[in-house]
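These notes concern the structure reproduced below.
Chain lettering (A, B, C and D) follows the sequence in which the chains are written, and residue indices restart at 1 in each chain.
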Amino acid sequence: MSEDARRGLTVDPDAPTQYPELARLSQLVRWHIVNTVTQSKAGHIGGPMSMTDLLVALYFETLRIDPSNPHSPDRDRFVLSKGHSAIGLYSVLALRGYFPVEELATFDHGNSRLQGHPDMKLTPGVDVSTGSLGQGLSAGVGIALGAKKLGAGYRTWVMLGDGELQEGMIWEAFNSASRYRLNNLVAIVDLNGLQQFGWPAVATRDRFDRSDPWSHVDLHAILTGFGWNVLSVDGHDFGDILGAYEAAVENASTSDKPTVILARTTKGHGLSFTSGTYKWHNGVATPEQLEIARRELAIEETTL
Amino acid sequence: MSEDARRGLTVDPDAPTQYPELARLSQLVRWHIVNTVTQSKAGHIGGPMSMTDLLVALYFETLRIDPSNPHSPDRDRFVLSKGHSAIGLYSVLALRGYFPVEELATFDHGNSRLQGHPDMKLTPGVDVSTGSLGQGLSAGVGIALGAKKLGAGYRTWVMLGDGELQEGMIWEAFNSASRYRLNNLVAIVDLNGLQQFGWPAVATRDRFDRSDPWSHVDLHAILTGFGWNVLSVDGHDFGDILGAYEAAVENASTSDKPTVILARTTKGHGLSFTSGTYKWHNGVATPEQLEIARRELAIEETTL
Amino acid sequence: MRAQRDVWGDTLVEIGAVDPSIVIVDGDLANSTKADKFAAAYPDRFVEVGIAEQNMVGIAFGLTTAGFRPWLSTFGVFLTHRALDPIRMLVSQTQAPVRVAGAYSGLLNGSSGKTHQDIEDLAIMRAMPNMTVLAPVDEIETAEVTRWASQHDGPVYVRLARDAVRQVLPDDYTFKLGEVITLRPGGVIALVSTGAQSSRVYEAAEILDEIGIHARVIHVPTIKPLHVPSLMEAVDGARIVITVEEHSIIGGLGGLVSETLAERFHSPRVARMGLQDAWSESGPNDFLLDKYGLSPKRVAQLVREYLNAPEATTRQIVGGNA
Amino acid sequence: MRAQRDVWGDTLVEIGAVDPSIVIVDGDLANSTKADKFAAAYPDRFVEVGIAEQNMVGIAFGLTTAGFRPWLSTFGVFLTHRALDPIRMLVSQTQAPVRVAGAYSGLLNGSSGKTHQDIEDLAIMRAMPNMTVLAPVDEIETAEVTRWASQHDGPVYVRLARDAVRQVLPDDYTFKLGEVITLRPGGVIALVSTGAQSSRVYEAAEILDEIGIHARVIHVPTIKPLHVPSLMEAVDGARIVITVEEHSIIGGLGGLVSETLAERFHSPRVARMGLQDAWSESGPNDFLLDKYGLSPKRVAQLVREYLNAPEATTRQIVGGNA
């Protein structure tokens, strides 16, 4: 990483991190997200980038998976319920070895294994097809219930968007999971405080700022009330994230509650121009912006 | 009411009640429910009877309505979201003067204004068509929001079933109501602890007893978390009920929260053989049972 | 004469005894759909989801990933409407072996009225890729179709009536996917029906016989995929084809037959009978069948009227509110 | 050439200025559907519901009881599937003046893929009683239909494309409910299309012309209620009718035309082109149109192939997985 490439990083690159490898992987993932979407001229940016650290930690530290055997019955399952963030998942899967990183370039092209939204019939490593928001947690409940019925030890992890929580079907699933005591189920909520359009901070004037979609409710109390084990973390702090993942796993042996991790994140995290704005929910970077991304993410010219 | 007619009443008829007229109306309503369903050979019993006292109090004490002018723009609105309890609503509407009590006999017959589920296009006094569970609260949110936008003073009341709360759409509406600060909206939950089939008390053996559908969650905490003003009452105690209705109305001037009344009730309340069992969710009484109902509800032979 | 719901419930109990992959996912209606028989027999393979039809589908899908092959149990109308998006994405698009049982289909659902009367299910499910859409007529075929669907390795929708109809198929009948069945051969008028209505149409043909109109009766248990030569053979020689269904005249069996025949040269003309693109109402079965033209007597009468003046009944406006 | 979504958004801003009853109920997609233009102009009449399509419909219904006449704003696929049950009960069965805008319909929705591609909306909405179902072709008609629906006193579904197509209607065109429009007269081959696809079919006819095949082009903006004599007049003299739609060949325009023609004596034969009862995929517009046989060039080619060997392309199995 050249000195020059570091310039423009919003976070001090010399700040100590206990997880330099995960941090570097996240930078690569974020680069693939913005670069791939830009090359394919379609796709989402903000949501994939807010969940990047959560996914990197999950796929590189926590999930019991074998990329060379993506259908192993024992594998832990992952459901990207917020399926519009597919490119984030694909980037992680590629770096984890499910398919060649070069294949990312086919994203959103015709005849590709990498569809705009995850397709379990096409992409190695994708366990559940998603795209219509709100359905992934129910699928996760069924998968986890199946494990219980079979006496199988795999765990099921579901990534949800905070906008997505507005879908009623999610609440049907929250209810079922605690009823069936699915302590082998973990939901992660990517609380980036933004959705695609949402509510302006000042109702009568849209100044491109937005209110948090859940500012008027107490999600922690609600989910506790629904019988879940609720953890809150900084979704960009690997220590925090891994601590929560461990706690979720431990919870399974000490309680019969499912766990939900409320991960506070920033939409578009990791790039100065995409960070914290709903305007980059989706979008295509200009050549200049791509250059900024390259610098901010410390990407060598030779990386794709 | 003859001495004889009183025999078999589960509640001591001499027990003091501050609301003898409401209590008597409830008996009549319950009689019309069981009698009409029996004559029509179709319809629901348990749910209509659990909400009877709540509806009687609402229609005879609280709602600002004029049966001779059922479309008055200023009227308070009522939505029977648990539409399968239609016969309970029809009985109250008839006694309140919206249409002749005799018309109840046409319930569920062909060519009737009294459909199996409430139809706003047919029945005077019915504000919203329902039948598919889970939709009434969203309708109520729209009605209450409309009032706010027009600056109109009417209030909107929505009756929900506890089984019905399992529908995700209800949670979408809970969320919207507090976001839009609809303090002119009141939801009543008929918490009779039973639905049509539900979960056996002992999971592996169905002994016709049932667990409360919400026993594994804390509804009060959840709804408080969703930004609602939550009241809990005994749904068969008129003092309690009217107190809550008043509090809900007052709440509108002191807070911007919508109010939900968690009304603890007994399914099939008021009749010995229908009370507290899911088996009488729907059903048709035998001639003998109808006689018991007549006695327990202190109905003269001449009443229909 | 056994009610379709009882046959479905009993057959699943039978199958469940030998096939441990069969589970039922219920939406608080097991005692209506008769899934309660299965629940009593195999409590471990009965999943109560409560009143949450979308969630039912998601959970059923999830169970398929663990090797289970679920049947859904609730009123069909809520599956084909309330849960349509999950059925589309998690069942049809993934080709998961979820069996969607459309219980209490059509008009006859115990006086619940129009919110519960599914008169569009065939149109909706037929338009969905990857869906097998079946509508058995009597107790024999309901059992057969339940068995067939239970072992089928993909999404299936089965339209089921609540009640019983007169048996029209032989006791040793075997269901064959895609094949239509000629219940009464011969004649230049072909009455084509599906589901329980086929039995009533069979009776209508008996009534017509008495007044000298001989009609053949063709039953279409497979709405999709239809084996076209089987239909073409069955209507061969007919001068007029009349579809009769306990369903809207738009997009269902009438749509299937119209699309199929219109595609060919020299096809017989098609008239469609059924719900006239309007909602129905509450009422006893006989009332509804009579009022909406589906009882044997009324079908016979409507067929006769049509034959007397086909042009008069041909629609000028398709869709009610122009 | 203006994109349909822009025309819809701009037209509603125009109408909103004079009609205070118009509100938009959004499902977190106003910046895609272009309802954000209306939100900026009339923040008080813009109701953001977030990602909760069923709730959107319920709230819109509720607003009608206070005299408002809402348009819904989200991707059509989620309304016609996720919110179908509320649309059925609270809009169609109550005849509430809710306007369901099916935005980003068909294949072309910016590479989102099959979960977002609504190729069944016409089949689904057409089967629903009380529904008016419209599918405008170009910017002129999109504006007209948006105006028409805004003042219509009942439920309306409007199929809207995301992008622009070549204008095929005159600037002074007036939308008339139920009437079909002959874009190109004459010829014994009638190409019948709807929505934005009609424009591509018009171009296909130009290509066919070059190789000596003259085809008339008929545009059907009203899927329901169809004024049948208007269609019959338009196809009069045609020997073959080919429907082409950015929709499944089951139940949509092809279903409507088949049902209508099959009902009559001596009707021309009908071939249906469109999505072959299979899900599609992500990809750029041109890729999808080419691959799935909907680009002008491919339509021309498929028409030619069909004319050369009609029997060869006639289906033996209806529904993919027999």
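Going forward, a residue touches a chain if its C-beta (ideal position, glycine included) is under 8 Å from a C-beta of that chain, and two chains touch if they have at least 3 such contacts.
Keep in mind the model is a prediction, meaning the values are calculated, not measured.
Colleague: Where the contacts of chain A and chain B overlap, which chains show up?
Modeller: Joint contacts, listed by label: C, D.
Colleague: Could you work out which chain's C-alpha centre is the most distant one from the centre of chain C?
Modeller: Between chain C and the rest, the longest centre separation is with A.
Colleague: Taking each chain's centre as its mean C-alpha position, how far apart are chain B and chain D in Å?
Modeller: 42
Colleague: With chain centres defined as C-alpha means, what is the inter-centre distance between chain A and chain D in Å?
Modeller: Taking the average C-alpha coordinate of chain A and of chain D, the gap between them is 35 Å.
Colleague: Round to the nearest whole Å and give the separation of the Cα centres of chain C and chain D.
Modeller: 28
Colleague: Going by the contact rule already set, what residues in chain D reach two or more other chains?
Modeller: Correct list: 44, 49-50, 52, 54-55, 77-78, 81-82, 85, 88-89, 93, 114-115.
Colleague: Which residue numbers or ranges of chain A touch two or more of the other chains?
Modeller: Residues 119, 129-132, 134, 166-169, 172, 175, 199.
Colleague: Chains as vertices, touching pairs as edges: which of line, ring, star, complete or other describes this one?
Modeller: complete
Colleague: Can you list the chain D residues touching chain C in their complex?
Modeller: Interface residues on chain D, with respect to chain C: 77-78, 81-82, 84-85, 88-89, 92-93, 114-115, 120, 123-124, 126-133, 154, 177-178, 224-229, 248-252, 254-265, 267, 269-272, 277-279, 314-322.
Colleague: Would you tell me which residues of chain C are touching chain A in their complex?
Modeller: Interface residues on the chain C side: 23, 44-45, 47, 49-50, 52, 54-55, 57-68, 85-86, 88-90, 93-95.
Colleague: What does chain D use to touch chain A in their complex?
Modeller: Residue list for chain D touching chain A: 26, 28-32, 36, 39-40, 43-44, 48-52, 54-55, 77-78, 81-82, 110-116, 281-284, 287-288, 291.
Colleague: For the complex, give me every residue of chain A touching chain C.
Modeller: 77, 119-121, 127-132, 134-147, 149-150, 152, 168-169, 172-173, 175-176
Colleague: Touching residues of chain B toward chain C in the complex: what are they?
Modeller: So the residues of chain B touching chain C come out as 40-43, 83, 108-112, 115-117, 119, 129-134, 163-164, 166-168, 195-199, 203-206, 213.
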